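By written order: A, B, C, D and E. Residues from 1 in each chain.
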């Protein structure tokens, strides 16, 4: 099992690195998608199928396409000229901050007992049902707020589109 | 209901789909022919490329090289060279009869205008070749096909033609063997060939019309052409030079004209060069005594020959 | 709020385009999906047909007229023959006039069926309606081949009549074709006329107002769909059309759907004409006895003859100097003139609509470019 | 997959653990790829034959007995065709695009239960995984269009991205109804929930509406008529795969057709009771009969696709998007309400009637709003 | 100058001077009894001997359904003086046919909205339908 884990995390790290260093903007986006794919793989490895599927659905299905449209509309359509260079001037500062942050993260995760307290670990059936129940019972208020927020965003998009239509 | 139109469409296509398998007359529905194996029966009138008909042996070909089809062919894709025997006397048969099948548009006008029923339209269309120019020019031997073949492909039409035709013509004087086919190289220079292909050969028919200068300002609404034609009489007026008019009317038109004009009036007015000149030239030759043989007007046949003989006797030329 | 500035897109549809009915190009300027400017570019198939006409004898041009609108060779022949007969004052026997009406109406049937079929395949119906139309067209082409010798390049009409007479067997064949046609029309209408997707795509698309149609000398089904009640068969009464009772459908709004429906209704009228013509075709000569093949001359002067070809008014303007060759030989093709209003109809619509509007005008490039 | 793993453990214990695991993973993949690729080849042949017969002509009958080797011939032709990559194209992305269209199509097959006990991977979030992965094709479409640096293919790509994205939403909404009915996300669970006499979800009113919506969205997702807009020849030449030739084009075609089959598979699983059928529970040969049922139903769905392709014209871009947002989505939401009514009704009959009424009213209202103004009856006057 | 009307074999043709063409055309179109609103055919004819190019407009009336009248105007053949007022402002249908007359005969139409070559490609120099036109292939042969 460890081999699979190692290869998967290697892919993920590679994707992240490429996303930062590639010259062409669209290539960076594709590397980002590779990174998201890696994360989803990790979830599946940990038998958290729901999270893996949601990761694919949301990040690759929606966020990547969103960034894509962002690139499309701002730059000229081909989006070829890309960023300045692979590693900017102060790259060593970036690496320094990254390593310190990663170190701190490892320390906290190892010391905290969060992992052992997982109540509903890898039960075959109930994960999805559990999440569903919790959402509708304990967390119903945030769910409703989220719903209102999303509807507002949707209506905002429609208004902009209508404005565009009237102009023509 | 919203989907009705869409459903009707589906029903129609379904009916066609099912029909194509179980319909009684499947031929009715599947109208495509599986070409190489299953061929479409060609109706009798169908025409592809022309061919020359001969009765009995290839030497007794009907064509007399009168070049009528060459002049009338719209894309000018026929080229005929008259056959001459040893001492240059024109024989009424072609040595070279080429049709450029890449130019021929299969319109059948040559068949209509041919006075001797010598050229007919074939039915076979599988004539693809490899080379672009040389192979696409069909030469005399390949063009010649027997009357039986003609009966075979177009029986009704063939019988009708045979009924109208006079008894079989005896073969020309000394049946010289058909000369070897000239290859395209010695045919003509490229430029001449192009000129021939585009029909810039000498204009035949309308005489040169001289227009008087017309002042632009005061004019009637009639087109400038009409006005000029009616006013200026042509110099050498040959009203009878029209193969549509009968022999008697032509002779009556040229009654009080000199012998040469009378002789010309007797010709078939086809300018077919079968006699070696055009009509005007042959009449002058007979009138001036240059040649005595009054039987060389091929399209004219009997009536012209007798009329020429009578005129020559009256004028004491023979 | 600053609106997003979109790039104007220059697109040229054709000449290598699957649905421009031949070698025809439209330079279109797109703002997003909407057509802002549309310039038709033609001339790819220009063979200088008119100069060939001047080099050819009067009869020699007849086979070339087949190549004008290669879909309807019979009506092209008839237009040319009519113009020359009008100038030369040649009388055409009864039977020949009836045969000419039969051939012209059969050509109208096959042209309208294919035009509607191609319009539907432009809308995306994967060629099914076209193949139903082609199935019926094959029968008519077989009939043309039996009579004139060639399926599409018939070269059938002469000055003063027609070249080959219709014998009993080919008349029976024509009656069989005409008998099958109403069933085909019902099937065609059931397949497409109420189809919601088609209605959504063709209704209120490419509207041609009546005044613009007349002013831009648009003729044929395109004009009649906009409400111009003008059919040369009824106005000029050439040939023996006044003997048949048939009606001319006229639309109101003049959009793509109207042009589609007018052609279907015209097919039904043509079937009616064919029934009457095939029923009482008189006997007699099929060509004027005194008509000459060679050395045919037309008295000097000019003349303009026109007929109602399936695509519109097809006219021949001929100037003769009294010789065996026409001095000026001009063709007035319906498709060429109908294209003037292509841009007016496409403005404001989408690219997909521009293709359909072009399909609804039903042009053939052989006729446009000559 | 797990069943096979246990089988291997049972029959051949001495195989090392890792090899057994590898075998357990690779065997189903091999079976699925084999079966569905032959189905893909068969589909292309059936499509061309059926379209031919609809159009009164024989379909391909030259290659092989009844034209059966035609897909092989097509494949060979595309394989040997030169693979032209436009100079200005972005090599990497240009190569990746066709791969990415095929990958999601096959990944979705992982959760489709082909026969009783035969499902490659029995994820307990089966349907969600299928829908999630099928969004991956959006990216592939865009990459194809953008990478070939051609104005036409970019326009085509933008259209197809808009189409796929806007048809995913009603599709997921329609699937929600089925998940509510079945109570579980796992595809096998959904199939089992459809046991019983008229158990298939398609016989329920909300099930039928959901089936129609899902089928339309699946056709749009895969760009089949009447929504085959991206490669509409009559508009912008050939859409996003203009600049592709040779094997890459074959990959695109394969991706499109296999996606059509997999979408058909999911529709069958969710609405037509997957592998359930009268004979599917027999002891010994039960799984064979159930497989037969599954492929029969899949065939029906595919035939409907082909039939529509041969008959209906294409919808324009704005009508396409309007149809998705203004008609399908609201209908799907109302459908969820109808399902709720059905669920909480006391006895099933009243529930059935109530939900049917609600749905009928919704359909009529929505249709009236959307198409009210376009279809007017035309009258023509005749002058004699 | 009053246009002369001549009944030539059932087609009345009207020869008009270039200056008055536009006025006559408007009159023909707007006059209640005439109402010639349909301009069917526009052609140019090259009379080489008379050194003039004649542009012929065939007009019909859709409203009153009466027959053709040919409106003729003449211009000298020399390319620079060969100018004729365009009738596209009066009848929109003449637009393409006048462009064709310009393309093949070299008749320049003043007032035409967009006078370009329509059938020949833009770089083509000569006007092919003129009687004294020599096709290029023959020219190369001469050189």
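Simple rule for what comes next: contacts are C-beta pairs under 8 Å (C-beta built on N, C-alpha and C of every residue); 3 or more make two chains touch, one makes a residue touch a chain.
As the structure is a computational prediction, the values presented were derived from the model and not from experiment.
Chain pairs C-D and A-D differ in how many C-beta pairs they share in contact, with the greater number at C-D.
Averaging Cα atoms per chain gives one point for each, and the point farthest from that of subunit A is the centre of B. Of all chains shown, the one whose average CA position lies nearest the global CA mean is C. Among the remaining chains, the Cα-based centre furthest from that of subunit D is the centre of B.
Our note on geometry: subunit B versus subunit C, Cα centroid distance of 32 Å, whole angstroms. Separating the centre of subunit D from that of subunit E, both taken as means of CA atoms, is a distance of 62 Å. Per-chain Cα centroids separate subunit A from subunit E by 71 Å.
One inter-chain figure worth recording: subunit B and subunit E are separated by 38 Å, centre to centre, where each centre is the mean of the chain's CA atoms. The residues of subunit E that reach two or more other chains are 8, 13, 45, listed in rising order.
Multi-chain contact residues of subunit D (touching two or more other chains): 54-57, 310-312, 371.
For subunit C, residues touching at least two other chains, in rising order: 128, 132, 135, 191-192, 195-199, 301-302, 319, 327.
Here subunit C touches subunit E in the complex through residues 42-43, 46, 48, 50-51, 86-87, 89, 212, 214-219, 228, 230, 235-236, 301-304, 306, 313, 315, 317, 319, 327-328, 330, 332, 336-337, 339-341, 369-370, going by the rule given at the top. The residues of subunit B lying in touch with subunit C in their complex are 2-6, 8-9, 11-13, 16, 29, 31, 42-47, 68, 72, 74, 105-109, 112-113, 121, 199, 205-206, 209, 222-223, 225-226, 229-230, 242-244, 269-270. On the side of subunit C, the complex with subunit B involves touching residues 55-57, 59-64, 128, 132, 134-135, 138, 142, 145-150, 153, 155, 163-164, 187, 190-199, 292-295, 300-302, 319-325, 327. Here subunit D touches subunit B in the complex through residues 50, 53-58, 61, 307-308, 310-312, 367, 371, going by the rule given at the top.
On the subunit C side of its complex with subunit D, the touching residues are 9, 11, 17-19, 33, 120-128, 131-132, 135, 191-192, 195-201, 203-204, 229, 231, 234, 245-253, 257-258, 261-262, 265, 350-353, 355-356.
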